[in-house]
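Below are structures written as structure tokens.
Next come two complexes, and both contain chain A; in the first it sits with chain B, in the second with chain C.
And then the complex of A and B:
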């Protein structure tokens, strides 16, 4: 009945890619920007309305459009609007816009996938367009693009091999709940396949020890790409991980849960400990985003509806926090403000930059009434209610550690300085305000978002 | 529905003044006054309309089978407090128009004071403990910001730190009460709590909440921050001591009175109330700072309110609660005006000539007469209501009459000393040229002090409580005590030659000898106990430092391994995968 919603979204994606490619014939930036943002806004509105109406459509046997996927479609379309605004001022916006269109098509396909094959192709689409995007940044970015290319190719080949191992058991490769449950339990080949899926997606989701590339790539990428890398690409890998673990390998959750617990602990400690000793603020935020990936994993390891709700909420929170934080930090970087010492006196130099960054960092550290607090609260309480007390405790210890480096930056920003006012770009300001509004609004009153999330999660786990 | 809207004017004005920033000029104040007046209309409507004490619930978080609610009520008592806040708030903001004349402070001041008022409104309309804790913490933080508003002054920063340190004790107690309540009954609603029969759990909750009340309402032994908080701007002091902040604790005590009565915690209120009132008057008699005298007087008032709660007389407590709001706001606003005219001097003995501005002096006199408890003024009703409740207990009654006597003496000292004649034309000129906005709110409040008398007739019916019958005998005894205080004060201070003749009396009255000595002796005992803990603390500190250094070192080691070499990153992937594989092989 609602099948046209699926076609509509697919058509909009096609339009997005085509309008991106037209830059060769149409060099008016404002038009390109306007088209892309309008299409993303249209997708955002369509997906929000469809969530309310409870749309559940299968398309071509490859896509499944239902509440859970629509939830992420709406999140990522909003995130892409932010990324577009950030990139609008850049020198080669036309190219960037085209790659954003292609990457967005990939992101939405991953999110709406009904087949592992769709995930495979779409993730490749995302990685390649991102690598190309970084490439356009000139000599400085080539190194990080190459690193990302090498790691992505490893990820994609491992993913392909995992699919091959699965084929004898489930030739359809479909993401339906029935598929793996009927297969032979405890078979090593299928377990190997599961491990390879986890390893492949861990590279993109930046889980330890598959995440050593993260800081280098984040540092080398342009100021409008890093927010996207951390806010979108990483979260897409999480969505794919959720699909694979919760649907395909649902009956192996007792094994994957143990593995992911260890990975979560290692990721949190790795991210926080290294962030603690960083003096470069951008690298610090890169490592902090790694530790946030560890927190997100806590909810997934519980393999319960509550845990998944908590993880999804934290994904939402971190998308807003990381895009906002990187938007400011990358702007500073381009003005030569790099290390923690360079941030000295930010309060006098630009009060809005200071207060926004402080609020975002407080949210990341988990101070109420900001969104990050509720994310962590839900994650830890879901872990406790699933009996993973130690995991929750380690999460809390890591929150302590994280306060050290956030506090270090905040106190540095509050010091006196004799340097004058500096200007924060208009597109950066708009993005940061949008993120802050989301962080504060959903932190003070999380119920609307939470009720939508719990509805969507129950559509994934019946 | 209206209950949620009541908070909107303050939030709107606060956010708007923050966003206006340096451009705000006078707009922030005009906006704040306008939105507070709209709030006054709403609150008046809420009080007049026939409401049914409905509780509105909003789901805040629903998660994992639990749902945590924000619930708001429009019960009569709550609406009364809302109305009081909304009567005082516009006046305070109007006064600030003249008081906060520095341009660059406007935006911050109006943001903070509006947020503070919003917190108080949320407190006033909260119907469960969770909502109340949110408001309670919010009050604590905003009051910290307001007390330390002039943060560049060392004393203001210290006072703000002191207040937040003490208040945090209460916050922790409150949080503990919430946890006990939630884990025992699974509900935090006040109506549910009030419907429970007395039990040990209820007693524990009651004591924890009482502790929080004592910190917020500055009861012994948490009363120290109240006088220190005078370092904040005068409008803030007036707001803090009249309808907000310190009243939060008393209000909570009144709301939860049945619980305290059943668990006998009410006797604690009586005991600590009297101690606080006594400390308040002894300090007020000897203090010289014009605002600190009033602060100690607030301490006394709060003590008396606690006594009324302790005597299980809800009517007497609410009477005094309402009337104190008006005269205390009035006195603080006038004190600020006198300070402004005298060039921000603080000691009353350095001030002169408050009679030069007739209007100001008239309002000061009305406030003083009311606080002392002279017949037609509303303070009389408030005090006599409490006295009458204690009449059966002769020692308590005697103490209360003595408190009435002393409070009359010190408040007329407060009035008479700055009144002394001056020939300084500059000073007189400054009195004459005081901004209108600093005098007019006082006039309105002076009228309210009279008008507040009608609550004696209207309030009991509105709140459906038993009214108090006051015997003529109590009225006479109280009036005599107060008159005595007035006469003594007049001869000692208004005719200052008395002071010169009796050095010993002035020594006693001018120095805070007794109370300071008491503080130091009590303090030294605590200090000695604290000394024993010091060694423990030193070792704890070293331990924490070692842990921190170890964690930092670990981070440094790991960082060195991430050296930009892509081979290493690929190796990381391979090693990670192999470890996972081995794990699964051995795990199965």
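And then the complex of A and C:
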């Protein structure tokens, strides 16, 4: 009977794409917006209910709908609602809505994938629609879109090559433990394949050596696309990484753990140290989101249920924080408030913008009782519980470094100015409200979310 | 103990209320909320001896998968510190910033800080303790940065970097404690019971991490460089709570560190050395200051060092003296900062040389300053006397005459300050002209703090007799 849930979600996704495409030729924006948000809300509710009932179905041999995937379906459908609200005021809303529909289909397919092939196709779907979305932003966005296009094509070709390397050993390409792993234990081809999977997904997840594109693309993209880039696209790559490393290459965790440790340390230091010297606020947040990717990786490196819970919690936290932060920052950017000095006196000009941005930044820096603190607490303690004391210490030192640039911006916002009131758009305010509620509620009382996450994680790791 | 969460809820409601009500009612709201908290904490002191162990504990399940409870435990130490926090905050709210500028934000931050302090001093759980620690740190940051004057931006940055560094070490230490105790617990009582079974090298690491974190907050010699700038650039209310309450976060932390880890007592003598160096260093520094507020800052650093001497003595006299010292010095330091802030406002300067004969035109402020001075140097009938007495009896018992060296710092500070005050404030033949007149609301702040200093100096049995 639970299979119907799967069909229902699949049907809703189809509806989303079709309505996005057909309604593009309709200029009634409110209808477009209403349809999309309703569908996302329906998916959100269905997935939440299904988590509670413990749904576990396979669909067409390509999709696996169970608690872990439903958890991310609910997260991303909420995130897509936020993105839709942000994009509602824009000139190109019809186009944007269409690409959001296609990207959402891709995102949900990645999350529900039961085959590496599904992940491959769905990630491609997400990248292409995101690139098209950025393209619609006019001249200044074309450079970003091109950059993203080149990088995603590199990523996708590396991914394809990794799949090809794996194919002789695992003919099905399904997301199950690599078959025959006992006989091919030390085969370098398999290790090469795993390494290439990590590399391919690192590009999307903005992990260390492959993250130089992040700041440029975030800066060039429109104000409603950047939150989506950092809130959704990046997290999808993490989900794919979790699937591939935790399921397919589970018996190689001792090797991938070492690789990811190095990558995590490098990513955290890179993001934080580069963010320290940025004067443009948007680039600062872009680099800080890189460092957050490093934190998320800490939980994955431990290869324990506890570590995975921590990573998933931090993914949740960072989705809310980054969408909220970029919503405000991008609005400011579009009004010509760009550098740290331009933020001077924001406390006088718009107290609400100041206090919400401050709360979000404090949460990013890991100050309790906000959600970011609890995520970091889980991550570092998972590292300690797996005996990775040094990794936890480096993480903590990094979150100490990050207070420098957040403090610089807060300090600048508190300075006196003679400029007048500053208006924050209504859709930005709604989005930031929703994000702040999540950040504060799950920070003060993380228990409900944590119990749902641990239930879902235990459905992934049996 | 249901009263602790009630206090916090009252304060939280007042913090929210400050953003709703108009500016002119701000002080009234703050006074009501912190007054209620003060009355409740006085009740706690009086009722404490008749309470059973069950009555002093409040605990609800918070994050059950980690065994983290939202638990507040009232011990004989924490009840005194809650009293300190509520007296200082009440005085800060009714005394107000001399100029009365940005009143709502200032009062809201004071009450947020008071909430954090009460939570920190009573939490029976290291996780909750850390949360309140950080809330306190961040609200103090805004007191310096937003409400401060002079070089407030850079001193706030300095303060934040030091404090977050301390927080990072504290968090790391707490997580290590959790994973290396055999039962995996954050509960203070559990850790105290099973602290001996933590491996020695882990205990040493945790001890070092937490000690650095708490020394930053106290502040103690090598980690103090944020202190003088932060205290002197913060708003008057800000420096009152910074010196009166926030520095006691560190002292209380060292206290519970000694309770948790059995290895601490082997390092007690090194802590004594640090405390002696710190006290003398601060005394020499206080002697060269021409700025009243900076001088007060170094005075409070001497007092922090004396508290550390009491803790390092590691006997009942020393501990009693340290706890009493937290109260007495906290009250004295905040009274000193309130009067200095008012004198600065009245005369437009805080250079000692520029305030000649202040006693004539700002008598209340000057007399309060003198009482604060008496309290800091341990003159009898002030609470500081009892604290000094106990601390030095304790340290003499443990370390002999070496334990009495810190008295030198008191003598140096007292000698310099009495001389300076005599030449400037009490000067009878030269008069600086006040720029502004005194306000009546300062006197209420003085009255509360002076009364507390004298009452706890004359009747120490109220607090010493606690179990």
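The definition used in the following text is that the second predicted complex is superposed on the first by the 453 of 462 C-alpha atoms of A that agree within 3 Å, B and C clash if a C-alpha of one lies under 4 Å from a C-alpha of the other, contacts with A are read in each partner's own complex, and residues count from 1 in each chain.
Keep this in mind: a contact is a pair of C-beta atoms (placed from the backbone, for glycine too) under 8 Å apart; a residue touches a chain by one contact, two chains touch by 3 or more.
Here the structure is a predicted model, which means the values were calculated and not measured.
Upon superposition of the two complexes on chain A, a steric clash is found between chain B and chain C. Comparing chain C and chain B on the residues of chain A they touch gives the larger count to B.
By the touch criterion stated above, A:333 is placed in contact with neither chain B nor chain C.
Using the contact criterion defined above for the overlaid structures, shared-chain residue A:223 touches neither chain B nor chain C, since it reaches no partner. Of the two partner chains, chain B and chain C are each touched by A:381.
Once the two complexes are overlaid on the shared chain, A:414 sits against chain C while remaining clear of chain B. Contacts of A:403 after superposition: chain C is touched, whereas chain B is not reached.
Once the two complexes are laid over each other on the shared chain, residue contacts for A:393 go to chain C alone; chain B is not touched.
In the superposed model, A:347 lies in contact with chain C only, and not with chain B.
Using the contact criterion defined above for the overlaid structures, shared-chain residue A:362 touches chain C, although it does not reach chain B. When both complexes are overlaid on chain A, the residue A:261 reaches neither chain B nor chain C. Among the candidate segments 98-106, 404-412 or 440-448, the part of chain B whose C-alpha atoms clash with chain C in the superposed model is 98-106.
When the two complexes are superposed on chain A, the residues of chain A that touch both chain B and chain C are 381, 385, 445-447, 450-451, 454. If you check the complex, the residues on chain A that touch chain C are 347, 362, 365, 367-369, 373, 377, 380-381, 384-385, 389, 392-393, 396-397, 399-400, 403-404, 407-408, 410-411, 414-415, 445-447, 450-451, 454. Here chain C touches chain A in the complex through residues 62-65, 130-131, 134-135, 138, 141-142, 145-146, 153, 156-157, 160-161, 164-165, 167-169, 171-172, 175-176, 178-179, going by the rule given at the top. For chain A in complex with chain B, the touching residues are 146-147, 150-151, 154, 158, 186, 188, 191-192, 195-196, 198-199, 202-203, 208-210, 212-213, 215-216, 255, 258-259, 262, 270, 272-278, 306, 309-310, 374, 378, 381-382, 385, 401, 445-447, 450-451, 454.
Those residues of chain B that touch chain A in the complex are listed here as 58-64, 551-552, 554-556, 558-559, 562, 564, 566, 568-570, 572-573, 575-577, 580-581, 583-585, 587-588.
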